[in-house]
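Every chain is named by a letter (A, B, C and D) in the order it is written, and numbering of its residues begins at 1.
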Amino acid sequence: MASTFGHLFRITTWGESHGPAVGVVIDGCPPGIALAEADVQAELDRRRPGQSRITTQRAESDRAEILSGIFEGATTGTAIHILVRNKDARSRDYGEMRTMYRPSHADYTYDAKFGRRDWRGGGRASARETIGRVAAGAIAAKVLRERCGAEVVSYVKRVQDIEAAVAPGEVTRAAVEAHITRCPDPEAAAAMEQYIDAARKAGDSLGGVVEAAAHGVPPGLGEPVFDKLDADLAKAMLSLPACRGFEIGSGFAGTRMTGSTHNDPFYMAEVEPGARRVRTRSNRSGGVQGGISNGEQIVIRAAFKPTATILRPQQTVDAAGNEVTLKPRGRHDPCVLPRAVPLVDAMFNLVLADHLLRHEAQTGGNR
Amino acid sequence: MASTFGHLFRITTWGESHGPAVGVVIDGCPPGIALAEADVQAELDRRRPGQSRITTQRAESDRAEILSGIFEGATTGTAIHILVRNKDARSRDYGEMRTMYRPSHADYTYDAKFGRRDWRGGGRASARETIGRVAAGAIAAKVLRERCGAEVVSYVKRVQDIEAAVAPGEVTRAAVEAHITRCPDPEAAAAMEQYIDAARKAGDSLGGVVEAAAHGVPPGLGEPVFDKLDADLAKAMLSLPACRGFEIGSGFAGTRMTGSTHNDPFYMAEVEPGARRVRTRSNRSGGVQGGISNGEQIVIRAAFKPTATILRPQQTVDAAGNEVTLKPRGRHDPCVLPRAVPLVDAMFNLVLADHLLRHEAQTGGNR
Amino acid sequence: MASTFGHLFRITTWGESHGPAVGVVIDGCPPGIALAEADVQAELDRRRPGQSRITTQRAESDRAEILSGIFEGATTGTAIHILVRNKDARSRDYGEMRTMYRPSHADYTYDAKFGRRDWRGGGRASARETIGRVAAGAIAAKVLRERCGAEVVSYVKRVQDIEAAVAPGEVTRAAVEAHITRCPDPEAAAAMEQYIDAARKAGDSLGGVVEAAAHGVPPGLGEPVFDKLDADLAKAMLSLPACRGFEIGSGFAGTRMTGSTHNDPFYMAEVEPGARRVRTRSNRSGGVQGGISNGEQIVIRAAFKPTATILRPQQTVDAAGNEVTLKPRGRHDPCVLPRAVPLVDAMFNLVLADHLLRHEAQTGGNR
Amino acid sequence: MASTFGHLFRITTWGESHGPAVGVVIDGCPPGIALAEADVQAELDRRRPGQSRITTQRAESDRAEILSGIFEGATTGTAIHILVRNKDARSRDYGEMRTMYRPSHADYTYDAKFGRRDWRGGGRASARETIGRVAAGAIAAKVLRERCGAEVVSYVKRVQDIEAAVAPGEVTRAAVEAHITRCPDPEAAAAMEQYIDAARKAGDSLGGVVEAAAHGVPPGLGEPVFDKLDADLAKAMLSLPACRGFEIGSGFAGTRMTGSTHNDPFYMAEVEPGARRVRTRSNRSGGVQGGISNGEQIVIRAAFKPTATILRPQQTVDAAGNEVTLKPRGRHDPCVLPRAVPLVDAMFNLVLADHLLRHEAQTGGNR
């Protein structure tokens, strides 16, 4: 079990789906960052179940309690602990989970690894674990804003085959929040909503892609050769439940190009009157070259598989080795994409904040 | 700079393209693993430049010298150091690199981060750094073979639009090595070779995808919630030069399916007379569920962009802020895919060996 | 701020003296260890303020709540979170602390480092932080007992100049708990109690030495060259509040001997009929040679300075740079030694559990 | 095996006593630090065997080769590798070591841990491993000098019962180097030399204490609650061969004082005309309070046991379980103290450099 992420800005999450609470310790946050529970709550509300018709109806208010590390309205530089109580933990819905392995869930592998597991609601493998990440990500976002002005905007780029026609640079947080799908293209958003509705009625589920762009990241973040910025982003995304793929910049599509069309030409841009800096004319690099940010937008995409929980009978086995049929039961998210958006935001912000501190250590803060 | 990778089986690489040597320290390797320089050399020869017509012609024999950690033919459990001397370091080919930023290389970002850089041949950002990874990966492969019988087979799946028609489970190491492209589908391999030749003649470059499968990995490897097996594999791949994307199992394509068609049904398989174990009928999970191996083949893909070095004039800027034209010069790999295969092998083996040890720590070795 | 300790058995503490609660996340604990809140509570009760006449009278019941990682009476292998609420947080006693720097406390250095601090009761630098360590140490002790039968016994060896006449091998946990001083030599214990009483009446404080012995530790624990068992023990002890020195085996006194009298001769001991193993005739090595346990008792000592809080006027400065007199006020522990014993137990057990897992990773559990 | 030390300024050593070479990778060193091989060599010469009559006569020139990380006379921010070849490796002197366990050496424990070992000259447990530490420490010292002007001065404080009458604040590097014992008190130095000579003639060995003071360390270094500055110093010292104890400030002696005499009163010092800063009138805290530097001298002491290698017959056992007599043979250091001084310097500098970078990460360099 590895519940800690980050090198300098470091989080440790704990908690199970049907235990009394879940939470996170944030260690290494710089002192003097203004912080209130409302800052954290705003992000938790974006992740919360039951936020719209198209998400799971588990009724959780997910209230953040900050139990340490904040004094007189700001961080002290010491460990911050945030706790969220679990309320609507209907274990009865999950009785079969005690013995049956739900297909494409973590039930079997947790048993294989640990020899035992808290089977209620997925236990530690439940997406409720991500509450801690989102709470911590809200703090990372504040650090980035104060220290370098960077901001991350994530959104649903694709649900199944419906793709938003948007360019990363043009999407605002408001446009993302304008629709319950968190797709900033209204036409695509409407179609996605229909598809998700249809999937729910059919007891089925859908996958898709979240795209995210970070604006205002200064050049120089990333620690080659192993802790490259894109490598840490890839790990961050793949550590999210249901994420099965990651790409930066041109990604997989870029492999079909030639070097002469793929390379990003450098030029000198006048960013203010009299002030010039190095920029690239295209951004197929996605803002990261050689594992280090180059000052352009950092653009990534994360693939989320169709939710494994479906409301249809499925063939499986139980812990005793019997082949059995799992009956449909319980609540489910027919498509995780809308709620994956704040998770991608959180992990992106956490990686950037960690690398900002690492870079400042090396430069003595003289960026 | 972060030159260390792994938690228990841990490597630290060092060295620049045109310095006297490159190398690696492998720490945490279990004692008693039979090891000779030839084991390491075999893998280095697969990575070596100049190994075929279609790779860069830099003439390096890349001889491995093991300077510590081996005694009487086996590992002692102490730090292993492997050093490889650089020979053909023609700095004269790279004179312009002192001042000009090559597009889509790390020249600008290293300057932005560190304020200075060894510009000769890409310095630390050169792919010569991966020599240490390949040497260490050869040792990780031996650990896996001895401890659990697991084996990794990587190969070129796609170059530009030419895709091999192979299933991961059927590819042997021999089939991979049968062709200089390291594509195990002879027809696709021949086409790829032609494309690469054409790109070289045109002074251009191509990208593509490496696919890799690990066989015989026991269930239970992976440390949720952050050091999931797939998360660490994603980081490992994205830390490779030119890698811009990663996916496991159904990956990005799987996001277009529905849950009912995507889920992998469990069943009980008779693996030997009288011995049954849990298996899945399909493997869209790619052998990893909830971040933990499930005993099926682990199947991943890594996207490599077209080589940034091309032999054509390119628009760029220099360190003084002048817009300049970079003239084509030097040697180049028109397509890194064939040489990326041993790199993917190495990183895959390193991640698996590290996670095998981590899992054994938790179980006391009682898998 | 670094709130995490350990490499595989890893703890993260959080919480301030006068915040709502303190706690700890224990990550990497093996699954299947029987655990109830009572196991943790027993150790917390040994650390608790107000446990006897000679400790601080802050009234805290320090009830442990386990919020994750335990299911059906045993560990699941996932992160364990233990929370203890603060109750008797009389901030009014500490009003001056807002501005004045208490001599030989952390008030000034926290301000110097972080630019701000939670001044109430010492904030994060308060010894209440050690509650999390003690809770985690109780779990580490259970892991050791189940996995290898090792046990740690710590006790007060010296208070000021009164030294217990005991040999590490002969002290039992019962003898330690028999007296409120936690000194297992009744005569010395009585004298210590008198001294501590006298110091309290005088508004003064005393220091001393805790000695600790680990029995039943198998040979082979410790990871040279940096994570030597004694090096990690030294760090563990010095990370405790008020600890200013550490020694193992003969320690500082041993430096006055010669090699010929200091070396521990090896011999073959018949441990059971027919079973012999390597032992040493003396144990000046304190059970650790070359940073690795040799199967003998591991004997260490930790020096604790006289409590910095005294009830006498003291010269100091305030945050504004004025020279001021700090008036005596509040509650204090005239001697931390009795309550330091469970802290030393906890850190010792944590280091041993971590190294046991690390060793098993390397050997595949085949000790 | 753990061969890596440090969190941001991080070193990894490798190599055995009688292998071809030993070395170190330094990762995380800031860019732009002027560095030549001579800087490193100067420190290696202080550690070198055969440097005087009273050290072991193994003939090694210990020439440092820097193989990476330096370009045009300064660090690039990338991994620095330094290699030193072994020359005078007389394995014949150590034939018995193949089977016999030398008392109070690491022979038995390495066998117990790893099941096998390079027995030649102590293999990995040899003090030759410290060459890498000294080389890295020389670079850490340069970082400290450039970034904050701090300097460490270590010296022999005591050999057996002969103690130098010096105050930490008054000892210069020149005074330390003025005598082959590295004791800055000429009278004590002369007596120490006599004692060491006598021990050598008797085939015996002596222990003692190294004291070290760091001047000019800014307030704020140290990362409570676990990576306290003194905790990391304790670990650093105990990781050195033959070190068995550590103390900071008043240390063990301070435990015999009372709080009212032990506390360090604060006052405002005029450090330049018009500039005042917080200082303490005494320095029993040794420059560290609550795990964080307070701007006073950091004063520590490390206890080194009498060298385990003596030229007298000793009772021991061999790997087959026979009780045998080890005959005196080979070369030995009758007292490691003079050569321990550069080791203490190195580890002290490494800890300070690491904590300086960690602190700058948190403050954004705005100390």
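Convention: a residue touches a chain if its C-beta (ideal position, glycine included) is under 8 Å from a C-beta of that chain, and two chains touch if they have at least 3 such contacts.
Here the structure is a predicted model, which is why all the values come from computation and not from measurement.
Asker: Could you find the chain whose CA centre sits the greatest distance from that of subunit B?
Answerer: C
Asker: For the chain pairs C-D and A-D, which is connected through the larger number of C-beta pairs in contact?
Answerer: By the number of C-beta pairs in contact, the winner is C-D.
Asker: How many angstrom between the C-alpha centroids of subunit D and subunit A?
Answerer: Roughly 45 Å, centre to centre.
Asker: Roughly how far is subunit A from subunit C, going centre to centre by Cα mean, in whole Å?
Answerer: 39
Asker: Counting only Cα atoms for the centres, state how far subunit C is from subunit D in Å.
Answerer: Comparing mean C-alpha positions, subunit D is 26 Å from subunit C.
Asker: I need the residues of subunit C touching at least two other chains; which ones are they?
Answerer: Subunit C, residues with two or more chain partners: 1-4, 7, 13, 28, 31, 77-78, 113-115, 124, 224, 362-363.
Asker: Contact residues on subunit B for subunit C in the complex?
Answerer: 7-8, 28, 30-31, 77-78, 147, 224, 357-358, 360-366
Asker: For subunit B, which residues count as touching subunit A in their complex?
Answerer: 1-5, 13, 101, 103-106, 108-110, 112-115, 124-125, 129, 158, 160-161, 199, 203-209, 219-228, 230-239, 241, 244-252, 254-260, 262-268, 276, 278, 280-281, 284-286, 288-295, 303-310, 312, 314-317, 321-323, 359, 362-363
Asker: Okay, in this complex, where on subunit C does subunit A touch?
Answerer: 1-4, 10, 12-16, 19-23, 25, 27-29, 31-32, 65, 67-69, 71-72, 74, 76-81, 83, 113-118, 123-124
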